[in-house]
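Accompanying notes for the structure given below.
Chains: A, B, C and D, in written order; residue numbering restarts at 1 for each.
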Amino acid sequence: MSMPRQTSLSRLLVACPDRRGIVAEVSRFLNDHDANIVENNQYSTEPSSGLFLQRTVFEWGGEGDPAEVLGAAFAAEVADPLEMEWRFEDAHRAKRTAIFVSRYDHCLLDLLWRARRGELPIDVGVVVSNHADLADDVASFGIPFEHVPVTPDTKAEAEARQLDLLGDDYDLVVLARYMQILSGDFLEKAGIPIINIHHSFLPAFAGAGPYRQARERGVKLIGATAHYVTEDLDEGPIIEQGVVRVSHRDDAVELERRGADVERTTLARAVAWHCEDRVIPTGATTVVL
Amino acid sequence: MSMPRQTSLSRLLVACPDRRGIVAEVSRFLNDHDANIVENNQYSTEPSSGLFLQRTVFEWGGEGDPAEVLGAAFAAEVADPLEMEWRFEDAHRAKRTAIFVSRYDHCLLDLLWRARRGELPIDVGVVVSNHADLADDVASFGIPFEHVPVTPDTKAEAEARQLDLLGDDYDLVVLARYMQILSGDFLEKAGIPIINIHHSFLPAFAGAGPYRQARERGVKLIGATAHYVTEDLDEGPIIEQGVVRVSHRDDAVELERRGADVERTTLARAVAWHCEDRVIPTGATTVVL
Amino acid sequence: MSMPRQTSLSRLLVACPDRRGIVAEVSRFLNDHDANIVENNQYSTEPSSGLFLQRTVFEWGGEGDPAEVLGAAFAAEVADPLEMEWRFEDAHRAKRTAIFVSRYDHCLLDLLWRARRGELPIDVGVVVSNHADLADDVASFGIPFEHVPVTPDTKAEAEARQLDLLGDDYDLVVLARYMQILSGDFLEKAGIPIINIHHSFLPAFAGAGPYRQARERGVKLIGATAHYVTEDLDEGPIIEQGVVRVSHRDDAVELERRGADVERTTLARAVAWHCEDRVIPTGATTVVL
Amino acid sequence: MSMPRQTSLSRLLVACPDRRGIVAEVSRFLNDHDANIVENNQYSTEPSSGLFLQRTVFEWGGEGDPAEVLGAAFAAEVADPLEMEWRFEDAHRAKRTAIFVSRYDHCLLDLLWRARRGELPIDVGVVVSNHADLADDVASFGIPFEHVPVTPDTKAEAEARQLDLLGDDYDLVVLARYMQILSGDFLEKAGIPIINIHHSFLPAFAGAGPYRQARERGVKLIGATAHYVTEDLDEGPIIEQGVVRVSHRDDAVELERRGADVERTTLARAVAWHCEDRVIPTGATTVVL
């Protein structure tokens, strides 16, 4: 008696110069290789001759990992002729994630709790903090907590230790209110995407103390911005933003409380989209397919 | 010297039993016929063996109307083998629209103003009202206004007159706070989609006086629902909904004012999506691609 | 050497038949007794001859508890002549709270986090559940967890046990997705406010399975409703409501996830307002001052 | 036979150094003079020794205009001893308003519609534009339209003509997408509040071309800001802000359309609150009572 083959869900991500017929070519290839398209999104950065981006989700009835089985043929038949960058991703595989945090717990706990519920496709391997405050909270989730203090003098050592902890094991770093600036050297050596949550509606109130700035300027809404980290502080490509209404009655403490809610939901959405391979940085901005 | 051919934007809408390879087949056909896919959305009502729906926007470099030029070949090569319902739509053609209204002006004026600005792809051919109040407002837009009074005794005649006004000239009727119930007979004879705006967050507060009901029940948000009209009053497939926050301080008049804002924006979004061929009724619900 | 007296923040809540001069009378009394008004809200249920409600926050420079020191004089001078119901509340005192929960953890954890962060003025004395699943989560907050199973046969005993656990120690019960119906007998004997979170935008989708109902009806927004519990299931006075946008792509599991976020924020707001003595039930509705 | 006296609704606005007993003093005065408080809001800019602000709405059963009848007594008994700035306002009197506009019609039409429907307590006496485009639209509302072209060379004359049109007849100027900068000299001579709508979520994207800036920065929400005009461009006290979600798919034209909706609703709310005497500028910010 033979068992039915299990179908598995995979994603194909492609980027290439826009031209006629790309959708048809990719669709034909997948169809010819026993792959059924279940979701398909594309976008061109310009009406013509821009960058073409596509995210295709497909069920594969074949044996083995589609990336390995289909890769060589896809490159030869489709990707190379069309000058594509491309990759296959297993839709069932959670991204291996390290979370960096300082003292505020709200973003960290929200991510850990969503991951535990199965809401976020992340596999949190370590939480790194420059303070020891949150060690017990993290322990209660059964996740290793690493205390790596950072001072101006020890920053280089601290970053070396952080890179050591990451090794080659991680797909993603999330800065869940991590109050240290990572050096360009760290970003380069880490070599993986880093998502930060900034507690303002960027580009308003970049830099330090955004809630204080917001109160002084008398804005009627405050926000949070999740973005990829680049060397230019608070300038990285924006993934997601959220806002919440405030009033003159909200003092700095209350702004921080209200902001905390929008920070954690905004960061959770950005991390989810990233881990579903929906977010494609395109220079200073992102496309979310 | 030859002029460059103008490209035109068209849409292909298909619905068929879900099976493997539909996206690939449609893409191949379009590519083979000089059509470049610029947007592509699909959805299956069930993970397997459901109804497959696709909306494809393409640039066509060929001569003439794609529906005429490509229709026969598409039927033979793709649609018939896959048991498809399908149609081509010219993306540049505004839907010919009749608006029915009673005395409230806010939804009507919002639609007329958006159409004039080029925001809504509708071509309003007539405004029909059971009251004469809004005649001048409509006249200032240069659109014919037809006063068709309705009483219990004259309802049949009134509907006959309305059907007469519609003739075969219209693609769509919008009920912009039209306070009369259209008979099943009218719906059948009109034979075109009819979109209504109901001034509540359906299925809450169906029927008459939703703002009064909302106040009595003490809800903290009120809403509006744009839906296709069916014989079952307030039960047609929902296209779009909106809400706005209210409080105990808002009396019936204030609820109506706040509701008016959410009614007009909700209706405008629903009409826009319908006219972009994004909305597909699927039994009691809709899919918005 | 004398120490400066500490000022303390108190609230005075009054309800009485509306008539001229109430604000002036209450203000005069407080001013005469060394109390400085810092916030003052009032509302009349009708333009005239309705119910007058007022919530006044004041700093008291006097010694002792304002309720004890001022109570007799307030009754004699103001409350009795104006036929008032009234009470003083210490604004620094957290409400003693019991949380009832079944298996879903999101509302429970959100309340416990917020309480721990000092965001919610509640002092959680016990978590009661008809399942044992969440015992460890609650233990990690250092709060007693009581497993009180409920079956149709043991419901009376279970409620007796629950009443026993409450004793006279509690100000509030919060049903944080507690999937049992409390009997009218329980409500009466408990004699304290009980807040429930219903996972729909009431009055839409009352009863069981609201997310399934929402999907079948094809709504474009789902919601959550926090309300006081009365004997009429899902009919108690609404305190707060929230909504979130959904689409045809969201299956039952995804609706539940999105709903979970709006449930927990809506419940947290309702509990906060209740504990700040802002919410006044007025028959089938509430006033939130 | 004597007719019942008509009650009228008035507002008393006060600002003074914060100290104990202000609420009680004002309440006592109104009560002693046959005025029944129906709404009362106050705010102190600092927990102690800040600026105290109060807005009181009262029904007056007396004869004549409360400002005239009560003014001298209020000054002598309450305002002078407490060093108050104060004024009485008739709640039934619409603010006499001039609207300045350039070519975009959406904010202008929204204000005129709302005023006509009785939603906005403004009495629009004139629309002034530096272009002739909107003359017919304004004429259809029966409101005078004044075309005052502005060039760098004629700016001084143009402002003189505008001041002439205003004379002493106006309470408020609304800039409904008026694309000229008013000189400090104009602001001073006009001597009345001027409300502007800026098409961004200030302080983000101040200056020219905010939608283009927003697209380049890749933000996921765009906004609008209604603020009082001061000599510092885009720096005046913010009255109200609104946002709307956008994506990478929205080009500059679509951003402008979506922005137009949030601009007109944000401006309408700000004008309504101003005209209800709720908005009090406090340096760089506002208090909205």
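Basically, a contact is a pair of C-beta atoms (placed from the backbone, for glycine too) under 8 Å apart; a residue touches a chain by one contact, two chains touch by 3 or more.
Computed from a predicted model, the values in this text were never measured in an experiment.
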{"item": "Least hop count linking chain B to chain D through chains in contact", "value": "1"}
{"item": "Comparison of A-C and B-C by number of C-beta pairs in contact, larger one", "value": "B-C"}
{"item": "Separation of chain B from chain C, taking each centre as the mean of its C-alpha atoms, in whole Å", "value": "43"}
{"item": "Interchain centroid distance [CA atoms averaged], chain A/chain C, Å", "value": "38"}
{"item": "Junction residues of chain A - those touching two or more other chains", "value": "none"}
{"item": "Chain C to chain A touching residues, read off their complex", "value": "105-106, 109, 113, 117, 119, 140, 257, 261, 265"}
{"item": "In the complex, chain B residues that touch chain C", "value": "43, 201-205, 216-221, 223, 237-243, 247-249, 282, 284-288"}
{"item": "Chain B partner contacts - residues on chain A that touch it in the complex", "value": "20-21, 23-25, 27-28, 30-31, 36-42, 44"}
